[in-house]
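Encoded as structure tokens, the structure appears first; notes follow it.
Lettered A, B, C, D and E in written order, each chain numbered from 1.
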Amino acid sequence: MSAFDNSIQGLRETFRRDQVWPFLAPEQAAKVDVSNQMILYVEGLNLSFDGFKALNDLNLYVNDGELRCLIGANGAGKTTLMDVITGKSKPDAGSVFFGQTHNLLTKDEADIAQLGIGRKFQKPTVFEEQTVFDNLELSLKTDKRVLPTLFACLSPTEVDRIDEVLSIIGLKQQRFMKAGALSHGQKQWLEIGMLLVSDPRLLLIDEPVAGMTAQETERTAELLTSLAGERTVIVVEHDMEFVRSIARTVTVLHQGSVLAEGTMDQIQSNKDVIEVYLGEEAAEV
Amino acid sequence: ADDTIKVGVLHSLSGTMAISETTLKDTVLMMVEEQNKKGGLLGKKLEAVVVDPASNWPLFAEKARELITEKDVDVIFGCWTSVSRKSVLPVIEELNGLMFYPVQYEGEESSKNVFYTGAAPNQQAIPAVNYLKDELGVERWVLAGTDYVYPRTTNKILEAYLKDMGVAEEDIMINYTPFGHSDWQSIVADIAKFGSEGKKTAVVSTINGDANVPFYKELGNQGISSEDIPVVAFSVGEEELSGLDTAPLVGHLAAWNYFQSVETKENEEFITQWKAFTKNPDRVTNDPMEATYIGFNMWANAVKKAGTTDVDAVEQAMIGQETPNLTGGVAVMNKNHHLSKPVLIGEIQDDGQFETVWKTEGVVPGDAWSDFLPGSKDLIADWTDPVKCGNYNTETKTCSGQNY
Amino acid sequence: MSKLINWFSEGRSSGKYTLPFVILLLAVTVLASAANLLLPQDSALYVSTYSITLLGKYLCYAMLALAVDIIWGYCGILSLGHGAFFALGGYAMGMYLMRQIGDRGVYGHPILPDFMVFLDWQELPWFWHGMDQFWFAMIMAVLVPGLLAFVFGWLAFRSRVTGVYLSIMTQALTYALLLAFFRNEMGFGGNNGLTDFKEILGFDLQADSTRVSLFIITAILLAVVLMLSQRILSSRLGKVTLAVRDAEARTRFIGYRTERYKVWLFVYSAVIAGVAGALYVPQVGIINPGEFSPINSIEVVIWVAVGGRGTLIGAIIGALLVNYAKTRFTAIMPDGWLFALGALFVLVTLFLPKGLIGLYGQLKSKRQPASSQEVTS
Amino acid sequence: MIAMNKVSQLYGGTQILWDLDLDIEPGSITCIMGRNGVGKTTLMKAIMGLLPIKSGEITMNNQALHKLSAERRAYEGIGYVPQGRDIFPMLTVEENLRIGLPVRKSKEIPEKIFELFPVLKEMLHRRGGDLSGGQQQQLAIGRALVLEPKVLILDEPNEGIQPNIVKQIGDVILKLNEEEGLTVILIEQKLGFARRVGKEFRLMEKGRIVAADKMENLNDDLIKQYLAV
Amino acid sequence: MKYLISFCLLMFASWMPVHAASTETLLEQLTTTKLSKLPDIVEQLAAQEDESLLPVFRAWLAGDLHYVKDSNAIVVEIDVQGNDAYVDPFTQVQLEGISSKDVKKIKVNNKLRGLLRGVIARLQLTSNNADVREGAVRELLADVDEDTFAALENLYPKESNNDVKEMMQTALSIYTAMDKSSSQTSRVAAIEFLGGSLENDVRNALLKLSRDSNEAVAAAADKALVNINRQVERYALVDQLFFGLSLGSVLLLASIGLAITFGVMGVINMAHGEMIMLGAYTTYVVQLVMPNYIDYSIWVAIPAAFLVSGLMGVLIERLVICRLHGRPLETLLATFGISLILQQLVRTIFSPLNRQVSTPSWMSGSWEINPVLSLTLNRLYILAFALLVFLALVFILKKSSLGLNVRAVSQNRSMAKAMGVKTEWVDAMTFGLGSGIAGIAGVALSQLTNVGPNLGQAYIIDSFMVVVFGGVGNLLGTLVAAFTLGIANKFLEPTTGAVLAAILVLVFIILFIQKRPKGLFPQKGRAAE
């Protein structure tokens, strides 16, 4: 074929009626490749602030469908790690992969969220000026580009989904209240609810039960365990009882790197962990 | 009510132009009061209607409309900046109002409904340059101005004029600055440098308003005296100087049709009256005030002559009106709605007054259209029959751009 | 198409005062116009042409205020430079009107506008070409502000410039434009700007009928823009906008590209401002660089605040009220009106934290203080 | 020590506290418990003076407190550790601690604070906002202790704190209470900690105190009734 | 004395050209001659070479020379405690009973001033004061004629002061170099000597010489010029830097108060400009109150302006701002209203006209480092003053508890209260401090620009720009930003002109903020996000 034919062919290809131009085609929410059973690869992460090493050569691998607990002393770098995974902070060195293919370090927050990584913050952050319902609506898993959002209507299934979540998080009565008027604990629940409606693949949950009563803690534990399997959940928490009730694998961070990893029992008997984190008494329980 | 004749006053009382225009508002008020003391006009009292267009140009148009249609004024005294006049012009023409504009300006305009009592470029700039050249032997010229139409035009005219007289390109330096420019260090240094090359140098300044004070202060501080490089200004009058420590400025020049220091009977009376009216013995008078004074008196005479305040009648009655100047002699309203007036050049004294150092022999008639600009060489304004046109092309014998 | 109609009808519920307000606005417009055109001058109900032009001007300001409110009240972007978009729209219209003069200018030049002949320009600068076509000029009136807003917004929002930094940048933008348009070399008439317009689309600008038409068109466009904006802001996009305003980072974490939302809203708002400017110029008869002055833009923000930020109607009411007050005060007390206006601003801030619109709510909640209690119990 | 008499409080139009009575003994450690949103935090803010009360009165040692401004109350000896920490984010740890110095009329931060929370010493020159959640919590407690309060209000002080420090905080509270007679008002959700540290409890529901007793008497019935969801 | 004078006159008259009149008649003629004819008389008076005429010339130059209407006697006006008094120019005796009504001024214009200066210089060549002699010689550099050359050559060997000697030699060299009749070698040598001088007149002379028909001379002149020009350029750079710094110092002064009220407290203070304006008006009032002590007025004005603006600030804070806590954007609205009110207030009290603020004598003029580099004194003082104010402020905020407290209050008001911080007091004090400093800036600005109701408006936009560019809440940022913008502006100006330079600086700021969205010195850390 001559070069001319080639270009004609190319043109034809471009103007084919049965498909839209590539640059107009909606971006396919690319599938997460978990063929190796691994959904999150964190390797050799380093991050320092003004010379202080918040993350120090950190390695972490999380299996697809796993429920992983992350514990560690205050300031160990747990929140910072989540910041890196969700694109809020850029590390000095290291790599973070979501599935086999998605290099998270090249993406920004919105991209990462659209890939299916949801996050609950340590300090509950919700849209204070909007109602509980709107908060949930905004978090729905939908097309989040500008035009589709402009013309978006709530479908009945979506309304059902929001209702369902509202009852899970116990804010049915407050559904039309402004989120800013919720109490601390209620905001915590709302944020969990926002995570739920967005139907993510990987959930990063930072201290979900802070400020909750014992029973609420139990409910949260149930909720999280039920989520695992289909989704992958990473939980950070200091409440050992809670951790014990949900954990299969526990990773302990210390000074920016992994100190220990294993089952709850293994961790609880680990000398180092006891020393820097649990304290004598807690270890006895 | 119908038993008064209403005089509209359209001068900014707030905003950037308030500094200049408030004085003119007071002048009109004084003139109205004075006229009323003399028994008013046509047996009616005069009543001033003051509005504040707040240095906002569209607001000028709005206020002009308000004055004419809502307040039913018979005449307007107003505007300072060209742009405010340009903004008002269509309204005045549409509603067939009558306005007196008392400030020196760039010319290139003549409206049936406006009388221009300030100086046209040929009544200020050209005589000043002549003076510098002939009396002071100036060979190099700095044309410094604020970047807007009046300086641009004036400088264009001057540049053409200077080149006609054989001044070389490199002996003319032109410099424009933004409105309200306050940091003159580099420019003054440049001027000093330009003036240090052995030829007598002068600055022709069309710097506007507030920017003058820092400019002169900088001149003083960099030690440039009026003997080294004299500055002749067209926008600096007694009023501007009263806000300034004039000691370092002594000897710099200004070209006007009026100085407070001119000693005539009329002027003395006017000054006393002004000081009494403002209840301030330190208030000064200036050229636009004289222009307002002349304009007002001419209007009063024209109304008397026409026997009515009807705009068309007054307009025709205005042409040829003669009123004594405050500086002696008689001002005449020409067919082009501009005045014939004497031109004076004064040196700044340390008491903030000007010493007249030169004066034209007779009066100079104001040119609506400059002879030194290619676009307007052939244009004239003549509001008498048969021409009756503000922009009459003597070549093609046509009248363009009239709205009626 | 039907989808679009659907979309429109759906949003009506959320802005329940919008429709009555629009009806009121249009009714007043029609009545005022009829009173001007049909009634004799000496009738008690006659509305003078002066009032009509004044009202038309106010409505343009109202549209500008609306644009600012969209971006400030709903998206939290405090633009201190919206006057720039307004002025650009105005200049586009002004250029068209200038070219319409044709050879009827004072110098009688067939192509060059007067100020160019006057300053000895030899030919029309490139950006003046095409401006003699109404459609082209109108495209420019929205395109230029829109494009500027897009470039500026894209740069700023992408680098996550927020808060006062953004505000000051918008201010720098309009200030730079102010200085630039003051320059005579720019070819926009320098300080004097563009004036002495004669006709628009062949209609005499000084005729009462043209004036009234312009006034009506402004009112209709304002109504359209108001309804459209109301609809947009009550869609999910509106909710995202609010979310961006209150917690931008959080919004990003649930997957919205906030910078794009901001850019588009900014462009939308700039276009409205441009339209307002284009409508403004033929009604006031002049456009000059003063419109770029940062103080003007700040004033617009103040109209919005006086009316009530984050309520579209509030912005309109604020603009109308403050400008009416200005007109009245400058005539009644030319020497002291700034006192009154300044005091108005201070008092509104102190006692009406939600603006005049909020006053309504304040009064209502005073009458029935316990009403909101039910929500929690 | 602190008594509240028929205190009512509103947020906008919503009433949160309803004619609430509360009596805190000097030298006691009182644990206030209740579900989310019943008004615990609101109550504490009312005591501290950060929210105006609508009616009722608050007294401290029989002296009217509700008429004083918050800063006066700080001088009267109330220390406050708020829920959510409320660290001054752009001030360094040291500056955060120094804020309270004028109240105790001293120029130096007491060494005691660093003994209790050694991490603060390490982080002395870091911005408060940069600290991790737990570190901020420690800073918040330390900051309140700088005032040398007579009454210390702790609003869920253990939120986000690692277990060994939780224990340590408990110890500190007990120690201060025993050694210096510090009165403590503690809001706590975690029963274990409440039981260990608290000497008294108050249960809240819908803006009222519904049960008050010694900690030993906190039984499962009460818990079920007022704390379970 | 009188006798002496007449005696001298007789002496001179004897060998003067016949048409020359006596000093006395010449002085007499001063009172009657028209302005345009006066130069002749000056020439003739100068020809008398009479040193006792110096006071007359000087007074004339200064515009103080008058004559008594009745007697036509020449008198000099002096200032005695703010009142005019008249002295005899020759005896310096004060003449009683003459008031300003009895005298008339002897006119003077530029031409005369130029002449008089030359005449005075010539007469002063033999002055006792070396500086005066040097000045006199410099004055004569412009055109060294034969007479001057002769006189200088005569005086040169007797001169003891080296500076004066050098100046004299410069003058002599100019003459020699220009003198076509002297030998080529001596001309070239003279030119080589001139090559070391930066005097303007020397440069002009060399310029002429470089077109000389004698090639060697022209070449030498060219060489000298190149050398001189290189130096001049170097100094021009220094000059430009100084301009930049001084513009920067103005920006710094204008914005530093805002860095507190806006940067630290977070109040969008649109009335900041008016605080500056109040300071400037305070200066004016202070000078009104003490017209005879202008030199000291600044020292009164600084604290007075601080108090006036500061108290106004406290008032505004107590009445308005304190009710707007937590609503920073509303402060924009309210302070804008306040700024309108203050402007109009000033307009009502002081009229819309600019007010005159005089420059103390110690602040006027310039510090001449060499003939091509001189730094204007007022700018120099203002630069130093700006830095001083800055340091004082940093000191206050760092060393007193106010600085810490105000930051705490602005970050978390209720928590600061709970920590026992008297927030109301802190707010009032801080706002007062910021406003007071703006007032001080007003004192400085009154020395540079108009004192009028719009003074504040002119600076408000620049101030915000500087604070934001530097990074809100960072004082050092404000300092660096002010000087950066000042210098950038001044280095752009010569190539682009003032208008374009201003535009370019704005564009630069816009682009810079893209790179650093939080200014030069951003607030860092988690909380800042």
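In this section, a contact is a pair of C-beta atoms (placed from the backbone, for glycine too) under 8 Å apart; a residue touches a chain by one contact, two chains touch by 3 or more.
As the structure is a computational prediction, the values presented were derived from the model and not from experiment.
Participant: Taking contact as defined at the start, I'd like the list of chains shared as neighbours by subunit A and subunit E.
Facilitator: C, D
Participant: Does B-E or A-D have more contacting C-beta pairs?
Facilitator: If we tally the C-beta pairs in contact for B-E and A-D, the bigger total goes to B-E.
Participant: How big is the gap, in whole Å, between where the Cα atoms of subunit A centre and where those of subunit B centre?
Facilitator: Result: the chain centres lie 73 Å from each other.
Participant: Give, as an integer number of Å, the spacing between the C-alpha centres of subunit D and subunit A.
Facilitator: 32
Participant: Quick one: subunit B and subunit C, Cα centre-to-centre, how many Å?
Facilitator: For subunit B versus subunit C, the centre distance works out to 36 Å.
Participant: Between subunit D and subunit E, tell me the centre distance in angstrom, where each centre is the average of that chain's C-alpha atoms.
Facilitator: 62
Participant: Among the residues of subunit D, pick out those that touch two or more other chains and give their numbers.
Facilitator: Residues 14, 130 of subunit D touch two or more partner chains.
Participant: Where in subunit B do residues touch two or more of the other chains?
Facilitator: In subunit B, the residues touching two or more other chains are 13-14, 147, 178.
Participant: Quick check on subunit C: which residues sit in contact with 2+ other chains?
Facilitator: Only 179, 182-183, 249, 335, 338, 375-376 qualify.
Participant: Using the touch definition up top, name the residues of subunit E that touch subunit C in the complex.
Facilitator: Against subunit C, the touching part of subunit E is residues 268, 270, 320, 323-324, 327, 329-334, 336-341, 343-345, 348, 457, 461, 464-465, 468, 472, 499-500, 502-503, 506-507, 509-510, 513-515, 517-519, 529.
Participant: Which positions of subunit C touch subunit B when the two form their complex?
Facilitator: Residues in contact with subunit B: 48-50, 53-54, 57, 103-109, 114-115, 117-120, 179, 182-184, 190-193, 195-198, 206, 284-286, 288, 290, 327, 330-331, 334-335, 337-338.
Participant: Which subunit E residues qualify as touching subunit B in the complex?
Facilitator: 35, 63, 107, 109-111, 113-114, 117, 200, 203-204, 207-208, 239-240, 243, 246-247, 250, 343-344, 347, 351-359, 364-366, 374, 376-379, 447-454, 457-458, 489-490, 493-494, 497-499, 502
Participant: Taking the complex as given, what residues does subunit E use to touch subunit D?
Facilitator: It is residues 401, 404-405, 407-408, 411-412, 414-423, 473, 523-528 of subunit E that touch subunit D.
Participant: Which residues of subunit D touch subunit A in their complex?
Facilitator: Those in contact with subunit A are residues 11, 14, 33, 35-38, 41, 83-84, 119, 126, 130-135, 137-138, 156, 159-168, 189-192, 223, 227-229.
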